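Chain nomenclature is as follows: A, B, C and D, assigned in order of appearance, with residue numbering initiated at 1 for each chain independently.
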Amino acid sequence: MSGNSFGNYFKITTFGESHGPAIGVTIDGCPAQIPISEEIINQALSRRKPGQSAISSPRKESDECKIISGVFNGLTTGTPLTILIENNNQQSKDYEPLKEVYRPGHADFVYQQKYGIRDHRGGGRSSARETAARVAAGVVANQILKNYNIEISSYVFSIGEVTLPMELRTEYPSDVINQFITRIPDTVYDEKAIQYLNTLKEQGDSCGGAIICFVKNCPIGLGNPVFDKLNAMLAHAMFSINAVKGFEIGQGLHSSTMKGSEYNDSLVSFDDHQTQYHSNNEGGITGGLSNGNTIYFSTYFKPVSSIKHTQSTLNTSNQPIDINVEGRHDPCVVPRAVPILEAMTALVLADAILSAKNDRI
Amino acid sequence: MSGNSFGNYFKITTFGESHGPAIGVTIDGCPAQIPISEEIINQALSRRKPGQSAISSPRKESDECKIISGVFNGLTTGTPLTILIENNNQQSKDYEPLKEVYRPGHADFVYQQKYGIRDHRGGGRSSARETAARVAAGVVANQILKNYNIEISSYVFSIGEVTLPMELRTEYPSDVINQFITRIPDTVYDEKAIQYLNTLKEQGDSCGGAIICFVKNCPIGLGNPVFDKLNAMLAHAMFSINAVKGFEIGQGLHSSTMKGSEYNDSLVSFDDHQTQYHSNNEGGITGGLSNGNTIYFSTYFKPVSSIKHTQSTLNTSNQPIDINVEGRHDPCVVPRAVPILEAMTALVLADAILSAKNDRI
Amino acid sequence: MSGNSFGNYFKITTFGESHGPAIGVTIDGCPAQIPISEEIINQALSRRKPGQSAISSPRKESDECKIISGVFNGLTTGTPLTILIENNNQQSKDYEPLKEVYRPGHADFVYQQKYGIRDHRGGGRSSARETAARVAAGVVANQILKNYNIEISSYVFSIGEVTLPMELRTEYPSDVINQFITRIPDTVYDEKAIQYLNTLKEQGDSCGGAIICFVKNCPIGLGNPVFDKLNAMLAHAMFSINAVKGFEIGQGLHSSTMKGSEYNDSLVSFDDHQTQYHSNNEGGITGGLSNGNTIYFSTYFKPVSSIKHTQSTLNTSNQPIDINVEGRHDPCVVPRAVPILEAMTALVLADAILSAKNDRI
Amino acid sequence: MSGNSFGNYFKITTFGESHGPAIGVTIDGCPAQIPISEEIINQALSRRKPGQSAISSPRKESDECKIISGVFNGLTTGTPLTILIENNNQQSKDYEPLKEVYRPGHADFVYQQKYGIRDHRGGGRSSARETAARVAAGVVANQILKNYNIEISSYVFSIGEVTLPMELRTEYPSDVINQFITRIPDTVYDEKAIQYLNTLKEQGDSCGGAIICFVKNCPIGLGNPVFDKLNAMLAHAMFSINAVKGFEIGQGLHSSTMKGSEYNDSLVSFDDHQTQYHSNNEGGITGGLSNGNTIYFSTYFKPVSSIKHTQSTLNTSNQPIDINVEGRHDPCVVPRAVPILEAMTALVLADAILSAKNDRI
């Protein structure tokens, strides 16, 4: 009700601030007997954590999780599964100068207006650190998806001005994607992006970027008409990630300039729960439900807000002030956003899978 | 839970199929003492109904609503407000040939796979007719927004290949927008679009399009971190509208190619609940909460699925068949989608307004 | 959120006022392919409607339902199922004198204080007429329970001072129960109760009463720990019925005076999903979950509020006034409450059945 | 959705097993700027914890809480408030013999049937230890109620065969109640109950009991018609507490034998938000909404399941076995259930308070 939960059947609630004792997540509605361990969650967390490469923030967040409840002898028990990730290596002093100033692009101002109080340290609740809890929950969701052979993979296709051409935006195996620190699975464009990011860093500047995600082997009919269409749930999920400003599914924006005769994906055959189409302009979702094709969608991120430029803003007395945001920030969030985006996708699909059990009696 | 409800506080549930006795909506959570009448709902419905202009479907849907409950002496009573809109002028016979065939682009196939049963007449539940119920509910939501002086207006900026240039995509008054049957508020581009649609009609083809929406005077702090960010709720709402394939807020997709130093909207002054910024790249939402700037976002629609071309598809025995969809269809949905989009926006904002009452005790 | 919905998976929302055009219910989350018809709903409604016997209100409510959506060719389609019951035979004039007065025992005063407005005619939303919508929804829930062989039956064991002795409170077949207009399935006590009610009628007075309900063949493990225990859901359901003031399950109040050594139901054998116990003090629910025994519980109703005595109260200007409530009222609600109570029980169980599908993957 | 959450606006989710690393609770929807500290929570926890008196279990649970999130500088921030209570002094070995046996009266059997897996140590999730998390959340709820001057107090009026006579069941100040280890606020009956419990202990037996609760200064109109009546929410809350088997509000069961002319509480005057009635048979709730009178209700608990008698039951291979439950158990739960019951009451009322903010615009 207050925005800290996601999902209807496989429902997660995250909690915690960037510089509090810990962040965490509770999953309510996880079926019993799903195998889970701290190890596989920690592996997933390491894909998100800062300090993992030359182009990410040098902050060191150890991101080791602890399962508090809901698991017994390595299996879920059907009771709420809570995962804690302690905060350490916090440098709250770094934020002392920001206590009475609203950083441009950040949620400082709006939180203060909304609640009349905010934890200014590291952005408090609005920090992207909260997404570590989502990654942890996404691991559990993925364990459910494995039962259905559903595979999610995503990669970066744009970092600032460096954009992978459309013809190269095909599916890539996850292990290939993970070889590239930019998460652009192409040697040339990965290199270009690294150079671009290095230049930005020197300039104390930042940039945006974009990620494409593929979901294979999704059963037909996931999603719920009319408000909880699968695309609506995915859009909701993506826009719940910090800095997301655009989302398109299938041909997306381009579809608005097409004709029906060009666009319609005709059904070619259906056999053994496998659907064949002559095209996939829909991106795997028709009428709000998965149609048996591979689902694909693109998510667009604004530039990182923290830059080492002098910017004008207001202080908490609403007076103009110049600010220079110090700290250890990524120049671009998208490489580290890949596992977050995959986690949110897994959460949407696990929820849809559980919902679909009641489509028929 | 099964996708037919929207909103947490101002919660609507729609019901009804295209060719059933009626469609309708129940609003639970509407505060008492809001003025409402069948007349103002009917006015809003007339903006959505087919047959209203030369470029829309010649189907005649009278779309007169009946308030069943929740209103006494012209005011809401705090009890559930149900609005019914009877279906008449249905030509169910038109759909008899489609009973055993899956129309390309439509939800026929996925509904059948999901539920094992579907009402094939006029698309049943998946028909865009359902959105009339949303428009009705949107009127009630708007009555709440009026108390806060919030104004929503939207117009079409793209119909197929005809696109209003970026520099013309400024705010227009609603009465100006309503003068144009394409809902493109520009004489030149309106005319171009009409010609384009006429050509499509002759070809039995269809096209997509796009709508931009502006929300003025939105209080600061609407939306809920972290999953129910205002942009996430708007994205969810927009993708719940049939045929939507893309959504962007503020600079949207373009923001992903920008630098932080270009993008950040600096706070310039804050006075008397009015915020001033040096720019509005965010589109009025920062950190998931309204920031006091005008909110604006664009929504992209795929082409209308029903075209008078021979298309290959499957029948309900999963055998290939050629199909030629007859019927009275719009060549492009966006002119009639404007009030639907505004209704969904109003629903998101009314819900956010009610939620915000508990931000502080 | 505002109290007009019940259930999490099989979710109903009722709407409508006593003297508005209609009351109704929307079921969201009903699986597809459940057989349903207006006929079987009307049959259930006739068990609830007034005027059915010498001891009930002489009001004539025809209570014919109309299915508006969600059913095609006699089967549910998985889309929201809306049922309307028109109000006719309303005598709103009867309530004109009550427009500015708060009837003792009724919700008039509290509604006015809560909302600042109320539909005074026939109690408006607070009228027991709303329960007809529940009975209709209960029929659909029961169709699901039939798939699991679950049987619900209930009867009256107390009307005012006439109480069926404990040793006679065993299970009775529904057709036996229905033979008695008091719904006390015993010739002697039925007769006593009728005489008692006739005396009350002459005195212009009313009384309370009590109902016991049995649920047979309930699968083991229904209900959800910790807050949505099956007994908690049943208690919630029962107290949502007008006039309910007490509820006990199994040995109920008596259990509080027992010793553990007397009370504990020992498991004797378990075979083929059949559990045997040496006793059933728990009333079929242990640890909040159905345990395989027959579920039984008792629900207690206060006296009907409308009596033909002069009572002191306040008017809407908060000034003392004497009132004499005219109208066509039952002297005791419990005979007609039997189908309402069964409907609420069916709703709880159908919801629990759907929930349990996700206990394990 | 899976039963681990309570409340719609002030929503709590508890997690944790008896012998896991910790139990805890997350509150989502708590308004900002509520003062809260670990100290006041710990004080409340000490009223619930075992080992506090000669008649309670000698188990030592330190029950020190840790606030993980949602509080900054002693005030809530509007973000989710998570409280952890570590489990220590667990003697999991005590439960090793119970691993493969179903204890009579406990949830062992039904959990195993439902989920196919269970944490047998200390009852796992079904342990009453989970209620410590509720007590913690109840403290936060109470901080909200204080703003409205709402006061909750409850005491034990029955322990097994020892029952406080009806005429002594009036309101008592909390500090008086707390002086009695049985929580029966009467020297004579407290003493009788202690003797009774000592005898039971010698016999290795247990008993049930009952608690009455009073809520003073409740604003008029709390609760939501029709399903979320305040009494329905309270009933739901009470039956969510382990071992509860009966609940009655106001005259409760007795009301079912009364006449309307005896029962109806007439409004006598209404002034300055203070309502006066000539009686309070309703127990402060009419038509599902608080009516301005003191709310009072009684809750009945079955005997503690764990007794030191040889009982017959089944093992996990469904074979008959004799069992003798060792361990450190209370002979009667009601003295320690008092703070749990008050916490659940506070949670219901805080939720109703927040809901009521949207009764009118």
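The working rule: contacts are C-beta pairs under 8 Å (C-beta built on N, C-alpha and C of every residue); 3 or more make two chains touch, one makes a residue touch a chain.
In this text the structure is predicted, and so the values were computed from the model without any measurement.
Please tell me whether B-C or A-B has the greater number of C-beta pairs in contact.
Looking at contacts between chains, A-B has the larger number.
Would you indicate which option in A-B, A-C or A-D repeats the interface seen between C-D, with over half of the contact pairs matching by residue number?
Repeat interface, by the over-half criterion: A-B.
Take the average of all CA coordinates in chain B, do the same for chain C, and state the distance between these two points in whole angstrom.
Between these chains, centre-to-centre, one finds 39 Å.
How many angstrom lie between the CA centroids of chain B and chain D, rounded to a whole number?
46
Give, as an integer number of Å, the spacing between the C-alpha centres of chain B and chain A.
Each chain reduced to its C-alpha mean, chain A and chain B end up 26 Å apart.
Can you list the chain B residues in contact with two or more other chains?
1-5, 8-9, 14, 29, 32-33, 78-79, 114-116, 125, 225, 358-360, in rising order.
Just say which it is for the chain contacts: an open line, a closed ring, a star, complete, or other.
If you draw each chain as a dot and join those that touch, every dot ends up joined to every other.
Inside the complex, what are the residues of chain A that reach chain D?
Interface residues on the chain A side: 1-5, 8-9, 11, 13-17, 20-24, 26, 28-29, 32-33, 66, 68-70, 72-73, 75, 77-82, 84, 114-119, 124-125.
Chain B touches which residues of chain A in the complex?
1-6, 8-9, 14, 102, 104-107, 109-111, 113-116, 125-126, 130, 158, 160-161, 163, 200, 203, 205-210, 220-221, 223-229, 231-240, 242, 244-253, 255-271, 275, 278, 281-283, 286-292, 300-307, 309, 311-314, 318, 320, 355-356, 358-360
Which residues, counting only chain A, touch chain C once they are in their complex?
1, 9, 29, 31-34, 78-79, 144, 147, 225, 354, 357-361
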